[in-house]
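Presented sequentially are two complexes of chain A, the first with chain B as partner and the second with chain C.
So, the complex of A and B:
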C-alpha cells in the first residue's frame, strides 16, 4: 500500500565523528537512458557526496552488476517513457541480480504528474519509493534520508 | 505615449498614428491558444509584457518551442509574407500579460504602401529568424544547463522581469526535454545561487552568473536584435 513519507525536517542526519576513520562515500546505482539528463544527474549526485555507477539502459545495468560485483547503497531510476510498475520491475531485477544488496532502497523519479503530486515522495513497496520532484533539493533530501552521506 | 513593444516603439509618429486606431489591447492568460496550425491568420500580436511561444507538435504529441515572441517581436509575420496561414507552427501564451492586437489586413495594406513599416517589419523578421536559427543550433550543440540558462535570459529580456512565473514542467515542454533534466539543471544553477526556484516561479538572483552559465547563444541573439532593431 502506498505510504507518504514524513516531512524531512523531522529527520536528523547524523554528523560525523572526527575520531572515526574517513568513510567511503555511499555508492548509488543509477539507470538513466536520457543523454541530456545523465550528466546533470551524475554531477548533482557527486556534488552531494555520492559515488555514482551509471547505466544507460536495462541491459547495460544488468551487465554492469554481473561484471562489477560491487556493493551499492541505493538504486535510482528515471521513469523515462515507461510505466511506474515497469520501471519498478526493472529496479527489482537489478536488485535481485546482486545478492549482497538485496535490501538496497530504490527510488523512481516520476516523469509526468500534476501539481497535486509535486513535492511528494510515496512509498510503494518495501524500501521502494516514487518521487514526484518539485525541485532538485527534494531528491537530495530523500537521498540523505535513505542513503546518508 | 508609445507602448513597450520594441517594434511599435521604433515606428515614426506618423506611421504609429495611422495604425493606432486599429489597436486592441488584450490580456492573455497563461496557456491561452493564440493560433492553431492551418488556421487563417486574422490578427497580429505585439506583446507588451506577455510572452508567446511558437511551438511545433509532432505526430506522437510531443511538443517543443521553436521561437519566443515577447516585447522585442511581433506574432503573425506570415500576414505580410505571402500566405496567411502556417501549416506547422502554433502559438500560445506562456507568460500571462498584455499585448496589442491588430487586424492582419490593416497591417498588410500598410506594409504594401509604406516603406518605413515594411523595412521595420522585415528587419524584425530577420531578427526573429536569427533567434530561431541560433536556437536550433543551440539545441543540437549545447548541454541542457546552458540551454536552460539561455532560455531564462531570453524570457527575462522579453518580459522585463527577474521573476518568471514558470513551472519546471512547462519549461521542459518548451525546451523539448524531460522534466527531470530541467529539475537537475535548475538545481545546479540554484546551488550556484544564480536562480531560485519556488513552486512555479523562477527568480533570477545573479544576472552575470546566469549569463556565465549560458552558452554564447543568448549574447549572439541579443547582439543581432540590437543591431537590427536598436538596443532595448
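So, the complex of A and C:
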C-alpha cells in the first residue's frame, strides 16, 4: 500500500519560482506514459503559457535531462500504476539529475482515490505535492500557484 | 427538477454519444431545465454541428464509434483555437476508472462523470463548468 512521505508540519507555498529567468515562459517537465493523454496534456500546458518537455517514462525522462541539460521550473508526474512513493522517488531522481533546478516543485497527479480526497492538493514533502483532481481547472490553478506564468 | 436556478440561461449543449438512450435521456433532462441540446452520434457529426451551431458546452462519451474522447477533445481544442472561443467539455462515460478520470482531465475535459450518473451531480457539474471556476487550496 502506498505510504505518504511524512507531511511537513508547516510549509511555504512559493509565489514565484526563483529558478526561472525573467520574462520567459516557465518550463515544465512532464512524465506522462499514456500515449493518448500525452499530446493533449502538452497542448493544454502550452495553452496555459508553459513550455513543456515531455517524457514517456522514467528512463526517457532521465535521458532527456542528461541530453538536454535544460532548466525547468516544475515537474509534473502522472502516477500511472505506481505507488505515490515510487512516483515521488522517480520525480526526485529527475530533479536531482539537474543541479540547477534542485528546488523545482513536483506535482503528482494521483490516479486512485476516493471521493473524500477529490479536489484536494496535499503537500507530502518539501516542494512535493499530490493532487487529487476533481476537475481540469484544479491542475491549472495549482500550476499557477507553484509555477506562475 | 433540481436546482433550476443553477443553469445559465441560453445555454446550448452539444451531446456526443453513440448510445440513443443516453442522448435521449440527456435531451429530456436538459430540456426540462430550458436548455437547448443538440445531439451527435460521433466525432465527425459533432464537428459538423459545432461549425454550424457553436455550443456553450460539450458533453461527450469517451467511447465513440469513430475515435475516442481524446480525439473528441482534441477536435474541440482545435475548434477553440480556430474560432478563438472557449467551449468547456465534460466527459460523461462508461469509462469509470480513476485513471480514466485523470486521463480525461489531463487531456482537457473540465470534468469527468461516469455512467450511470446522478442527475443532481450532472446538473451541478454543468452549472459549475459554465460559470467561473472556484478557488483552490492546498492542505497538509
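In this text, the second predicted complex is superposed on the first by the 127 of 149 C-alpha atoms of A that agree within 3 Å, B and C clash if a C-alpha of one lies under 4 Å from a C-alpha of the other, contacts with A are read in each partner's own complex, and residues count from 1 in each chain.
One rule holds for everything that comes next: contacts are C-beta pairs under 8 Å (C-beta built on N, C-alpha and C of every residue); 3 or more make two chains touch, one makes a residue touch a chain.
Keep in mind that this is a model prediction, so the values were computed, not measured.
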(message) Taking chain A as the common reference, can chain B and chain C both be placed on it without clashing, or not? Answer clash or fit.
(response) clash
(request) Using the touch definition from the top, say if A:122 reaches chain B (first), chain C (second), both or neither. (result) second
(message) Output check: A:111 vs chain B and chain C. Expected answer is one of first, second, both, neither. What do you get?
(response) both
(message) Looking at A:25, would you say it contacts chain B, chain C, both, or neither? Reply first, second, both or neither.
(response) neither
(message) For A:80 in the superposed arrangement: first (chain B), second (chain C), both or neither?
(response) both
(request) Look at A:145 in the shared chain and tell me whether it touches chain B only, chain C only, both, or neither; answer first, second, both or neither. (result) second
(message) Going by the contact rule set out at the top, does A:43 touch chain B (first), chain C (second), both, or neither?
(response) both
(request) Using the touch definition from the top, say if A:136 reaches chain B (first), chain C (second), both or neither. (result) both
(request) Identify which of chain B and chain C touches the larger number of residues of chain A. (result) C
(message) Per the definitions at the top, what is the overlap between the chain A residues touching chain B and those touching chain C?
(response) 34, 36-37, 39-41, 43-44, 47, 78, 80, 109, 111-112, 133-137, 139
(message) Help me check something: in the complex, which residues belonging to chain C touch chain A?
(response) 68, 70, 73-74, 77, 98-99, 101-103, 105-111, 128-129, 133, 135-140
(request) Mind listing the chain A positions that touch chain B in their complex? (result) 34, 36-37, 39-41, 43-44, 47, 78, 80, 109, 111-112, 115, 118, 133-137, 139-140
(message) Taking the touch rule as given, give the residues of chain A at its contact with chain C in the complex, in rising order.
(response) 7-11, 13, 32, 34, 36-37, 39-41, 43-44, 47, 78-81, 109-113, 119-123, 129, 133-139, 141-142, 145
(message) Residue numbers of chain B touching chain A in their complex, please.
(response) 143-145, 167-168, 177-181, 183-188, 190-191, 197, 199-200
